[in-house]
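These are the structures, in C-alpha cells.
In the two complexes that follow, chain A is the common piece, with chain B as its partner first and chain C second.
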Partner chain A sequence: MAEFRTCPETGLKIERNAENLIKWNVGIAVALLAVGGLFGLLMALTRWPSVHLLPADFYYRFLTLHGIDALLAWVLFFEMGLIYFTSVVILNSRAVCPRISWLAFGLMLVGGVLINIVVLLGKADVMFTSYVPLRADPLYYIGVILFAVGALIVFILFFANIINARREGAYDGTLPLGTFGLLAASIIGVVTLLHGAVIMIPTLLWSMGILPSLDASVYRLIFWGLGHPSQQINVCAMVAVWYMTAYLVMGAKPVNEKVSRTAFVLYILFINVASEHHLLVDPALSTWHKIVNTSYVMHLAVFASMIHAFCVPASFESTLREKGYTAGAFEWLKKVPWGNPAFSAVALSIVIFGFLGGITGVVFGTEQFNMIRHNTFAIPGHFHGTVVGGTTLAFMGFTYLMLPTIFRRKLILEGWAKAQPYVFGIGVSILSIGMMAAGSFGVPRRHWDITFAGASFPYAFDPSIDVFMTMVGLGGVLAAAGGVMYIVVALGSIFKGEKVA
Partner chain B sequence: MALEKPEKDWWKPLTKDERIWIAVALVWMLISFFYMPYAHIAGSQNPPDETYRVSPEQFSSLVDAMVEKYQVGEEQGVPVVHPDPSEPVYLKSSMWEWYPILELEKGKTYRIHLSSVDIQHGFSLLPLNLNLMVLPGYDYVMEITPMESGEYHIVCNEYCGLGHHLMVGKLYVR
Partner chain C sequence: MTERDKDKMEAPGVFILALIFLVLFIVIWFMHHKWLTQLWPIG
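Then we have the complex of A and B:
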C-alpha cells in the first residue's frame, strides 16, 4: 500500500516511493554534475591560452564526457526527479509501478556509467554527437541506448501517473501548470527518444560491423531530431520550474493560465522540425527544405519563449503589487526576494536564457548568419547561455526548494547558497560572451590548439581573441566555483543537514 | 498557481498588457520569419544549394586529374594548383589535410567542389569566417568569386580525431 506523509510547509501529501525516486534521481544528478562540471573546468583551463592545461588526447576525451555528464546525465536525471515531483507529489497521488520506475533509474545509471567507462578507456573519442563514420566501441552506443530507454520509460510513466491520479481521485479538473509544463516535456521526450532509437540502433549495428555503412547526412538529420528537441524538453522543464519557484517562493500565480499553457503547446508543435537549423550549411538537403523548417517553425517556438519571458516576471510583479508594493513602476523589483537562492537562480536563469542563449540562438539559426558562425566557438557560447545559464541554474535553484520538502533537510551554509546563483550566473555569462566573441573571429569549437603548433600551414588569429579566450578561462573558473558551492551545499545538506520534521 | 489546479474558468480573455506584448512578439517573429527567405532571394551571400552524391574513389580521381593538369608548385609536400575558372575545381578533405592548395584569380568565378574521403570535416575559410560542412559521400558545390587577393587558410572545424587541430590548409588569391 502507498504510504503518505504530509509536508508541513507546503501541505502536500508525499508518498514514500515517489519521495525516494526523487531523492535518488536528484542526488545522482548532482553527483554527475560534479563530474561533468569538473570536465567543464578542465575544458575552460585548456582553452585558456596561457594555461592550455590538458594534452590533446585527454582534451578530446574529457570534452566527450563533459557533454555526456553535464548535458545529458545531470539534466535528464534532474528532470526525472521533476517528473515524479509534478506527476505524483503535487497531485497528492502515488507513484504507479514503482518497480518499473526503479528499473528505469537503474537502466539510466548503468548506461551512464558504461558510457563514462568506455570513453575513459579511450574507446570512444567521438564527442557527444558521435557523427558517423567516426566510430566508437559498440559498448558506447549500448550505453547511450540503455540511458535513453530508461529515460523513455520515465517519460511514459509520467502519463501513467497522471492518469492514475485522476482515476484514484487524487485530483480532478485541470492539471496544475507545473504538471502541464512537464506534460509538454514528456510528449516531446517520447517523440525525441523515438528519433534516438531510429538512429542509435542502426549506428550500434554499424559499429559492430553488421551494417556495412551509414550515410553521414541521414545520421545528422535524425541525430538532430534527437539532439535539438531534447533541448526543448529542458526548456519546458526549466519554464515549469520558473513558474513553480515563483509560486513556492512568493505565492505568485500565473497571470493568465490560458496564455502560459498555449505557449507550452507551441513548444510541442513547433520545435521538432525546427531542429534542421543544425544542418543549414550541410550538403544533401535543399535550401528551401532548410528554410521552411528553420524559419517557419523555429520562430513559432521562439514566440512561445517570448510569451513565458513576459508571463513569469509579470507574475512576480502582480503578486507584489497585490501585496501593496505599488510605488512607481519598479518598487516591486526591489521587493522581490533577491536573497533567496531559489528565486535569484530563477531570475538570473530568465535573463541569461533569454538574452545570452535565446537571442543568439535565433540569430545563429538564420541561414546567412549560420554560414559565419557554424561550428565556431560562438555555438557553444549560445548553448552555455541556454543549458547552463538557463536550465542548470534554474534546476540548482529548485534544489534549494527540494532539500526541505523532499529530502527533509535544512540547508547547510546558507550564506554560500545565497551567493551561489550570482557566482555561477556571472561566471557562465562571462564564459558565454567570451566564447561568442571569439567565435565571431572564426575560432573553432572542439579544438585543442588554435595556435596550430605543428601544423603544416599554421594560421594566426587576430591577437584580440586572446582577451576573449581568457574570458572563457576566467568565466569557466568562476562558474566552476559557483558549481562547487552548489554541490557542497546540496550534497552537504543531503548528508549532514539538520533534519526537518 | 503552478502547483495547484487553476480556478474553474481559467480560459480567460487577455488583459491589455498581455495583448500588447503578444502582438509585439508575434510581429517580431513574423519579421524574422519572412526575412530569412527574403534575404535568401534578395541577398547575394547564401550557403550553397548545389549538391551531388559522390564516392570517395570517384572524388579522389577527380582531384588527382585536376592536380595533374594544373599543378604549378608544391608547399610542404602539398601541390599548389592554379585551375582554369571554366572547369570544376576540387578540394578534398581527409584526416588531416586539405588537398590541394588552390590558387585562384581575383574577380574570376569558380565552382569549388567540396567532399571528404573519410569522415566528416568542417570547412572554415579564414579570416573570412565562412563555414560549411564537408561530408563523405556528398559533393557540395560552392560558387565563389574572390574579391581580395591574399593568403587564406582553411581550418577544419568539425572534430575529426586526434589530429583535428593540425588540419589546416591554404588558399591563395592572386
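Then we have the complex of A and C:
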C-alpha cells in the first residue's frame, strides 16, 4: 500500500517511495558534481598557461573523469530524480515497481563507481568519447553499460508511472508541461541508450579480445547516436525545469502551452539527427548527408530552443502584468524575484544557454565554420555554455526548490544561496568565452601542452591567446567557487538544515 | 484577435526583447564571420 504525505508549501501529495528515490538520486548527483567539479577545476588550472598544474598523464586521466562525473553522472542522476518528481509527485500518484527503481539506482551507482575506479587506476585514459582504437580495460565498458542499463530502466519506468497514474485516475486531460518535457527526455533517452547498447557491447567484446577489430568510423557514427542525444535529454529536462521553476516560484504558466508542447515535439523529431555535426570532418560520410543533417534538420531543433527561450520569460511577464506591473514595456523585468536563487538560476541559465551555448552551437554546427573550429578549444567553450551554464545551473536552482519540498529541510546559508547562481553563472561565462576565443585562434581542445615543447615542428600561437587562456583559468576558479557554494548549501541543508513539517 | 496577437499583448516586453536579440544576432553573426575570415584567410 502506497504511503503519502501532503507538502504544506505546494499541496502536492508525495509518495514515500518516490520521495526516497528522488532524495537518493539527487543526493548522489550533488556528490558526483563535487567530484566532477574538482576535476574540472584541475583542468582549468592546467590549461591556464602560467599555472599548468598537472603532469600530462594526470591531465588526461582527470579529463576523462571530469567528463564522466560532471557531464554524465551528475546530470543523469539528477534527471532520474526529475523523472520521479514529474511522473509521480506532480501527478499526485505512486511510483510503480519501486524494487526495480532501486535496482536501476544500484546499477547506475555501481557502474559510476566502477568507471571512476578503473580510470583512477590508470586503466582507461580514453577520454569521455573512448574513441576506438583507444582501448580501455573491459571493466570500464562494463561500468558504462551498467550505468546505461540503470538509466534505461528509469526512462522506461517513467512511461509505466504515467500510464499507471492515468489508469488510477491521478490526473485527467493532458500531462502537465513539466511532465511532458520529461516525456520528451525519456523518449530521446530510450533511443539514445539503445544506440549506446549497439556500440558499447561490441566495444566491450573488442576490449576483451573476443572481437578482433572494430571499425573506427562506425564507432564514431554510432557513438554520437549516444553521445550527443544524451545532451538532448539534458536540454529537455532543463527546459522542463525552466517551466516548473516559473510555476513554483511565481505561479507563472506559459502564455501559449500548445506552442511550448510543439517545441518539445520538435526536439524529439529532429535533435538526434543533428548529432551529425560531430562528424563534419569525418571522411567516411558524404557532404550531402552532412549538410542535410546539420544545415537543415538541426535548425528545426534550434528553433524549438528559441521558442522555449522566449516562452519562459513571456510567462514571467504575463504573470506580473496580471498582478498589475504594467508600466512601460519592462517594469516586470525589475519586479521578477532576482533574489530567489531558484529563479535567478533559471534566468541566467536561459541567457547563458541561449547566447553562449545556443548561438555558438548553430555557428559551430555549420559545415563551413566547423572546418576551422573542429577539435579546437572553442567546442568545449560551446558545451560549457549549454551543459554547465544552461543545464547544471538550472538544476542547481531546482535543488533549492527540492530541499524544502522533498528533503523537508530549510536552506542553510541563505545569503550564499542567493549569490551562488550569479557567482557560478559569471564564472562559467568567463570560462566559456575564454575557451571560444582561444579556439578561434586554433588552440586545440584536450591538449596538455599548447607550447608543443620538444616537438620536431615547433608552432607558436598568436600571443593574444594568453589573455583568453587566463580567462579560462580565472573563469574556472570563479565557477568552482560557485560550485562549492552550491554543494555546501545543498549538502549542508540536507544534513544540517532545519526540518520542515 | 488571433492567438498570435494575444501572445504579443500578454508579453509585449519579451516581444520587443525578441526583436532586439534578432537584430543583435544578425549583426554579431556577420561581424563574427568577418573576423574569422580575417583570422583564417583563404588563398
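We adopt the following convention: the second predicted complex is superposed on the first by the 501 of 501 C-alpha atoms of A that agree within 3 Å, B and C clash if a C-alpha of one lies under 4 Å from a C-alpha of the other, contacts with A are read in each partner's own complex, and residues count from 1 in each chain.
Here is the rule we use: a contact is a pair of C-beta atoms (placed from the backbone, for glycine too) under 8 Å apart; a residue touches a chain by one contact, two chains touch by 3 or more.
Bear in mind the structure is a predicted one, so any value in this text is a computation, not a measurement.
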Partner chain in contact with A:Leu121 - chain B first, chain C second, else both or neither: neither
Chain B versus chain C as contact partner of A:Asn370, first or second or both or neither: first
Partner chain(s) touched by A:Leu194 [first = chain B, second = chain C, both, neither]: neither
Broader residue contact with chain A after superposition on the shared chain, chain B or chain C: B
Chain B versus chain C as contact partner of A:Ile163, first or second or both or neither: neither
Which superposed partner A:Phe441 touches (first chain B, second chain C, both, neither): both
Which superposed partner A:Ala314 touches (first chain B, second chain C, both, neither): both
Touched partner set for A:Pro133, first chain B, second chain C, both or neither: first
Touched partner set for A:Asn256, first chain B, second chain C, both or neither: both
Contacts of A:Trp332 with chain B and chain C, given as first, second, both or neither: second
Residues of chain A that lie at the interface with chain B and also at the interface with chain C: 255-256, 259, 310, 314, 372, 440-441
Contacting residues of chain A [partner chain B, same complex]: 10, 12, 56-57, 60, 90, 125, 127, 131, 133-134, 171-178, 215-217, 220, 240, 243-244, 246-248, 253-259, 279-284, 286-287, 291, 294-296, 299-300, 302-303, 306-307, 310-311, 314, 362, 366-368, 370-376, 440-442, 444-450, 452, 454-459, 461-462
Chain C contact footprint on chain A (complex, rising order): 255-256, 259, 310, 313-315, 317-318, 321, 329-330, 332-333, 359, 363, 369, 372, 440-441
List of chain C residues in touch with chain A within their complex: 3, 7, 10-14, 16-18, 25, 28-29, 32, 35-36, 39-40
Interface residues, chain B side, partner chain A - complex: 1-6, 8, 10-12, 14-15, 17-18, 21-22, 25-26, 28-30, 32-33, 35-37, 39-40, 43, 45-47, 49, 51, 75-78, 114, 118-120, 122, 124, 126-140, 153, 155-162, 164-170
